[in-house]
Structures are given as structure tokens and as C-alpha cells.
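First the structure, then my questions, so here it is.
We call the chains A, B and C, going by the order they appear; numbering starts again at 1 in every chain.
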Amino acid sequence: MLEVEGLEVIYGHAVRAIQGVSFSIAEGAIVGLVGLNGAGKTTTIRAISGLLPTDSMRISDGRVRFAGRSLLGLRPFEATRLGIAVVPEREKVFDTLTVRENLELAASSGRALGAGRTRPKQFDSIDQIFNQFPQLGRRAAQDAVLLSGGERQMLAIGACLLLAPRLLIVDEVSLGLAPLVRAQVLELLSRLNREYGLAVLAVDQDVAGVLSIASYGYILENGRVVFDGPSAKLLQHGDVQEFYLGTGGGSERGYRHVKQYRRVRRWH
Amino acid sequence: MSRRSFEWAPASLHLAAHHPFALRRGWVQWTYVLAGVLALLAVPSVLPPYWLHLANLSLIAVIGAVALNLLTGNARLVSLGQAALLGVGGFAAGLLVRAFPGIPFPIVLCGATVAGLLIGLIVALPSLRLRVLYVAVTTLALHFAAVTVFAIIQAVVLDSSGINMPVAAIAGFELGSAVRWYFVLLSLAALTVLGALNLLRSHIGRRWVAVGEHDVAAESLGVSVARAKLSVFVVSSAVVSSAGALSAYYIGTVSYESYNFGLAISYLAMIIIGGLGSVLGSVLGAVLITLLPYALDQVFAVVGLQIRASTLAGLQEMLFGALIVGFLLFEPRGLAEVWRRVRTAAADWPFRYRAAQRATR
Amino acid sequence: MTLLLTIVASWGIYALLGMGIVIVYRTSRVLNIAGGELAVFVGYVVATSIAQGLPFAAGLAVGALSAAALGFVVFLALFRRLMGEAPHVGLMVTVGLATFVNGVIVIVFGGGMTAVQTGFAGFVNVAGARLAVPDLVAACGAWLGIGAIALAYRLTNLGLQMRAVAERVMLSAQRGVNFDRIVALSWVIGLLALGLAGSLHGARAFVAVSAAVIGIGALLACLIGGMDSLKGVVVGAFIVSVAETLTAVYVDPRYVLLVPVGILLAVLAVRPWGLFGTVEEFRRV
């Protein structure tokens, strides 16, 4: 459904934020895109959804196709019209609007552009979103600035669902969330995928969490995809375990080994 | 480099890398400089009197425009209070002359400069905490307040329709003719231009540019934003005020009506059209805008159309406005950039592009 | 009582003018210095159409159409290209626009003093005071306009979209809002407000090139209230109109601008972002 090939984003005139990034998301799949800070995850998402600040950052190479149509050069609201909904990393809700107004905004856009796309019955109206997320229902008339981190995530996801998306991209699924809430959000994404066939691209630093719900994963480092594979395989890979999961790793930890860490080839 | 992005002329070192002649001052360049200086000195003997008068007006405008460009072009603090500052200088000069008859011209000039300095300080202090837009509108409001104060001074304290200024004299050398004024104004303008160029290359100027580009980032790099804003305000106000005093002596009278908002806009037009952040731009813009009304008049005279004074004024305003908007939208670096392009093209001719090695040396 | 009406009328007009400026600022981050000139321009259009024989309501309609068209054209020609630029660029463009519009006014309308003939003249006796009918008309018209804008902003879907774009442009784009359309709409509504204010001022006082000074009062109101706050500008307009009216009546009409400027400086010294403006992220200095 979403195919990215050889994407390259340049910052300024020479700094390549991401380079040669290729991945794909099949219909109804959950795919994880993981990496450390600064790996280029958010840049990739922005490039796909048309949100790069065009003066300083731009796509210099590559193709992005969604359901057969190219996404390059589209304005962000056009990408939304095609069925991509993005929950950004920060600034994911409108602080000065109430919870209900946040949802109304998405609902009216969704009505306008969802014609012809089947939406799961559960997410046809705001009341149904409140059914799904009772905490939001309790705070319906409050300004969104008063919400906690987890509630904001719920609100952002709820708003995106009202847009009748085919693909939901969540940037930094669990950032700033308590472990319990983190688990709830991951479970929510998994359920949305299972029950309604919604494709999800989950981007996170929490590798274990994302790979637990995703069927396929890509690892981004320094702007390149260095490894990819089915989640089970990734979770068992020695390098993933050592550098991302904090488990495993060789027994030898001498000074020389650590000092030459950078020169050790990984991902083979 | 994206043409769309509004990039103002950067100062000093960065510019040197792109300037074809910046770091190589050979004898050819110095010949050009000498020829230019001789041409400027020969002007009074070549130009008819009316044109010489226009040249003098342009020189005064150059002084004011260069100062304004430091504030609005480099430090990016849009100020709409130039007319008020010119008025401060003019009224300071007039009041000094009223209070101390026979006071020598250089002393009055210093006094007006100090007055501008103080006013600049007073205006700068509260504006330190404000965003750029707030500073702009505050200076706009202060303009109207200042004009009101001038009117009050003129009506209440002076009880006349203006102050008549005596003939300026420097140590006995009377500035009685346009020619004498020309040389004095030329030296003062040259001083201002060289001073501005030097300031921009110095650490003070670089701090101004840094604060103009991104004051928060500058602060995090150790630049005292407050001190930078204060210094640019103070320097700019002092110079503009002295230009006001010069103008008062040159024109011969001081009256609050001459310091209207249109004057403020024309100075802004000078630096926008000339090129924000560029000293050369200030000079080009100042000359162009000063001559524009007269040129427009001549155009109509030549074409033979009889036109009412009010319609002419209206056309002039439309032209001003269109030039300001047009340059901001399409040529934000102004005439200075046009000049640079012409010069580089001439230097590279018959080739179209500069070889890569030369550009990066 | 007459004084009260004067204050209410000038408050309404300043608030309406200020709203026209703030609505545009909120979505496109351009502070419209040309507010006064644009208002006077539309005032001239209305005054001229009425002078040509149209009844008051029709004249207002003509003015509204021209204001809407002007807003759209100004957005398309100027500010569409400037979306995303630094804020002072837009400000300087509006300075150029103000000069241009001034020139157009002089050439097209002659720049002389005229007035908007409402068709209601004379005085009315209310509670023992003689109230000028044009003042009443101006006050009612201004407050109706303010109410309409406020209601539309709060209650309609377009208003919701405008508020969203005003807060976070990119997020609203992600939620499917066509921000091009919304910014254009805000320019149109802004110009409508400016035009109505200019016409009502013309009904109450006069229309002339010098009338553009009401733009200054409106800008002061915007700054006192906070540049991105609609309710702030209403409060700011109250302060400005009270200060101006009282100064004009009890002190001297020539000092009318001094007091609001002083109040502005006092407010900004304490709250650099205005009374109701969004608090800046970084405390400067």
C-alpha cells in the first residue's frame, strides 16, 4: 500500500538527513520503524506526509507511492485526503480548543473526504470515539491543554480515526508515557489493526514494544535502513538485542573491545 | 539556494567569499577608487545648481539611510520612527540655536547627536523585551506621539510657525553656498558610510547581525542580546538625529509639518529598495528615493501632460508603495544585489559562470 | 450620556478595525499596518456609491463586496507568496500597501473630505440627552459586526478551522484543513471588518485621507490587548477609546494620541505580550 524507494532528504545544501531509505507497508499490516534519537525517523514521516519545511529541508531523491499515487510534492492536507493520518511526535492536539472541538475538526474533514471510503462503524462519529475512549468523554468540554500525556495520545489517535484513514502513522508511540499507558496505546493500535484492518506504521525508540505488535520492522540508523525483517527475527538478532534491547551481547567486554566498538561491523 | 527564501545580505566574512574583489585589492581596484573619489569631488563643477541641491539632499538622506539600515536591515528591528528622530535632531538644533544665539554649528551638531542618542536609549530600553512586530508598532505610535510633541513645542513654547536657522559656519568658514555644503555633506556621508562598513565588520556589527537573524540562538551563543539591541538603537538614532540637524541647517527652517509619516516611509523605502543590510544599498536607495519625486515631475513635464499637484502626489505614493512591495516580494536584497549581479556578469564576461575554484577561495 | 455614546461608538469602531487586523494576524502572522488606509478606502467606496444615489444599505453592500474582493486580491497577490516568511517581511509589505492604497485613494477619489450619508440624520432624545443619530447607527453597526464575527468564530465550522490554523498550521493541515483557503478567508473577513469600520466611521465622522489615523488607534488597541487575541482587542479598544475621548473632551484634542501611547508603553512594560496575548515561550532579556 505504501512504498518508499530510495528516499533522500537534504537539509541545508549538503547534509543528508536520510539517504536511500526504502520500505513498504502492505494492506492491513503493522510495520515498525525503529531507531535511536536523530536516526531520521521523524524526517522520514514528514517527507512522506508532505510536512518538510520546504526552505531548509527537501526531498532530493526517491519515490513514495501510496495506493498507486505518488505522494511527493503534495500538500499535507492532500495526503490526508488520500487516506494517510499522522499522529505527530509533539504538538499533536490543539491546546486552545476543547477535546470535543479537536474531534469536531477532524470529523468535519473526515466527512468531507471520507466519501467513498468505508469507515469502520465504530469511528463514524464523535460519540463513538467517546465510547472507545471514555476518559476523553469525561473531559469533552475541557481545553486540550489540560490533558495528560496519555490522554493526548488518545485524543490524537481518536482525531485521526475520524479522518477515515487507510494508514495510520504514529510518530513516537510511547514518548513521555508511563509504562502502563504505553502498553495501553500499543494494545489499542494492535486492536485497531486486528478488528478493522487499519494499517499502522509505528515509529518508536521503544523497540521491544513496537516489535511486539508489529509484524515487520525496519531499523534506521544515521538516516539509513540498516536492517529489516519480520519482528520475531529482529527480536532474536544479536545486534538488535545488544544495541536496542539491552539484552544479550557478547561476554567479552574488554577495554579494547569497547574502544574499537565503532569499527566493529554490525548487521551481518 | 532557493530564490524563494527571503535572505537578507549577510555581513562581512561570508560576503567576502562571494565578493569577487573582496580580498584582492590590487592596483586596478585602487585606480577605480581614485577615479570614483575624483569624480565625486568634481561634481560641483559639473552639475547645474538645482542638481547640486538635489545631490546635497541625497547626501543627507544617505546619512540617515545608512543608519536606518543598520537598525532595520542588519539587526532586523523594523523601526517606523525615522521621521520622529529627524525631528528630534531638527528641533534640538533649533532649540539650541534659539536658546544660545551664536552657538557654533559643530556644537549644535554634537548636541543634536547627543539628543538622538538619549532618545534612542529611552526608546530601546522598553523595546528589549518586545517582539519585532511590537517594536515596529510601538515606534509607529511613538512617531505620532513625537509629532504631537513637536507641534506643542512649536505652538506653545516657540509661538511661531517654525524656527529659522542661521547660516551654518565651521570655524568661520561659512556654509553659504550649495557648493560648500556639498563638500561638507560629502565628507560627513563618507564618514558615515565608512563607519558603518567598519562597524559591520567588527564584532559589534556581527553581534547585530546575529541578533537580527535569530536572537534566541544568539543569546545561547553568548551574545548579550540586550546590549546588542541597545547599541544598534543608540548608534542608529544618534546618526539619524544628526542628519536631522544637518537638514535643519541646510533647509533653513524647522517646522513640525515636515516630519510626517511619509518621511518615515520614504526612508524605509530607501533601505528596502536599496537592499536591506547592505551599506551600498542604503546609498543607492537614498539617492533613488530622493530624486524620485523630481524625476517623476520631469517625466510629466517632458510628456507634456498637465497634472494636478495632488494627483502627482498620489501617483508618487502609488509608485513608492509598488516599489516597496515589489522589491520585498521579488528582489529582497534590493538594488545592491542587482548591482552585484551586473558586476559579476561583467567580470565574468564572456563566460556566464564563475569557475568553481575562484568562488571558494 | 452623549459622552457615553461617543465612547461606545468609537470603542465599537476601534474594536471592529482591530478585529480585522487580529483575524488576519492570527492565521497569516502578518500585522496589517495598512488597516486604516484600507478602511478609509472602503469608506470612500461606500460614500461615493451613496452619493451616486444608492440607498444606505445598498451602499454598504457595495462596500462589502469591494472589501471582500480586495481582501482576496491582496492575499493572492501579496501574502500568499509570503506564507512562512519572517514576520517583519509581511509588516513591511503592509507599509508599502498602505502607501499604495493612499495613493490610489488620492487619485481615484480625490482625497477630499466626504462623509457616508446614512439617510438618518438629526438627533434623538434618550433619557434626557441629545444623541446624534449617526453616532447611534455607527455604534449599533459596529457592535452588530463584532457580534457576528465573534459568533461565527466560535460556533461555525469554518471558525473552528480558522482557530485551528491560527494555533498550529501544520497540525491543522494534517487534520485535513485546506489552510490556503482558510488564510484567504481570513483576509476576506478581515477586510470586511476593516471596511465596515471605515464606513461606519464615515457615517459618524468623515471619510478623508487623514481619517486613516483610526488605524493607529486600532493598532494600539491590538497591541494593548495582545496581537493574537480577539477578546484582547475588544478590551484594548475600550481603553484606547476611553483615553482618547476623555482627553479630547477634558484636555485638548491635539493631545489625543499621547495618552493611548503612554498606556501602551505602560502595559508593554509590565506584559510585553499584551494583556491577553499568548505568553511568549522565551522571556526576552
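Following the convention adopted for this analysis, a contact is a pair of C-beta atoms (placed from the backbone, for glycine too) under 8 Å apart; a residue touches a chain by one contact, two chains touch by 3 or more.
Remember, predicted model here, so these are calculated numbers, not experimental data.
Asks: Let me check something: if the centre of a chain is the mean of its CA atoms, which chain is farthest from chain C?
Replies: Checked the centroid distances; the maximum from chain C is A.
Asks: Which chain has its C-alpha centre closest to the mean of all protein C-alpha atoms shown?
Replies: The most central chain here turns out to be C.
Asks: Express in whole angstrom the distance between the two chain centres, defined as the mean CA positions of chain A and chain C.
Replies: Chain centroid spacing, chain A to chain C, equals 43 Å.
Asks: Can you work out the whole-Å distance between the CA centroids of chain B and chain C?
Replies: The separation of the two C-alpha centroids amounts to 32 Å.
Asks: Averaging over Cα atoms per chain, report the distance between chain A and chain B in Å.
Replies: Taking the average C-alpha coordinate of chain A and of chain B, the gap between them is 53 Å.
Asks: Return the residues of chain A touching two or more other chains; collapse runs of consecutive numbers into ranges.
Replies: Expected reply: 55.
Asks: Which residues does chain B have that touch at least 2 chains other than itself?
Replies: 5
Asks: Could you list, by residue number, the parts of chain A that touch chain C in their complex?
Replies: Residues of chain A touching chain C: 49, 51, 53-55, 75-77, 80-81, 85-86, 88, 91-97, 101, 104-106, 108-110, 112-113, 159, 163.
Asks: Using the touch definition from the top, list the residues of chain B that touch chain C in their complex.
Replies: Chain B residues touching chain C: 5-6, 76, 78, 80, 126, 128-134, 136-138, 140-142, 144-145, 148-149, 151-152, 215-216, 225-226, 262, 265, 268-269, 272, 310-311, 313-325, 328-329, 332.
Asks: Taking the touch rule as given, give the residues of chain C at its contact with chain B in the complex, in rising order.
Replies: Contact set of chain C toward chain B: 31, 33, 78, 81-82, 85-89, 91-93, 95-107, 110-111, 213, 216, 219-220, 222-223, 227, 254-255, 257-258, 260-262, 264-265, 268-269, 272-273, 280, 282-285.
Asks: Could you pull out which chain C residues touch chain A in their complex?
Replies: Where chain C meets chain A, its residues are 84, 157, 160-161, 163-164, 167-168, 170-180.
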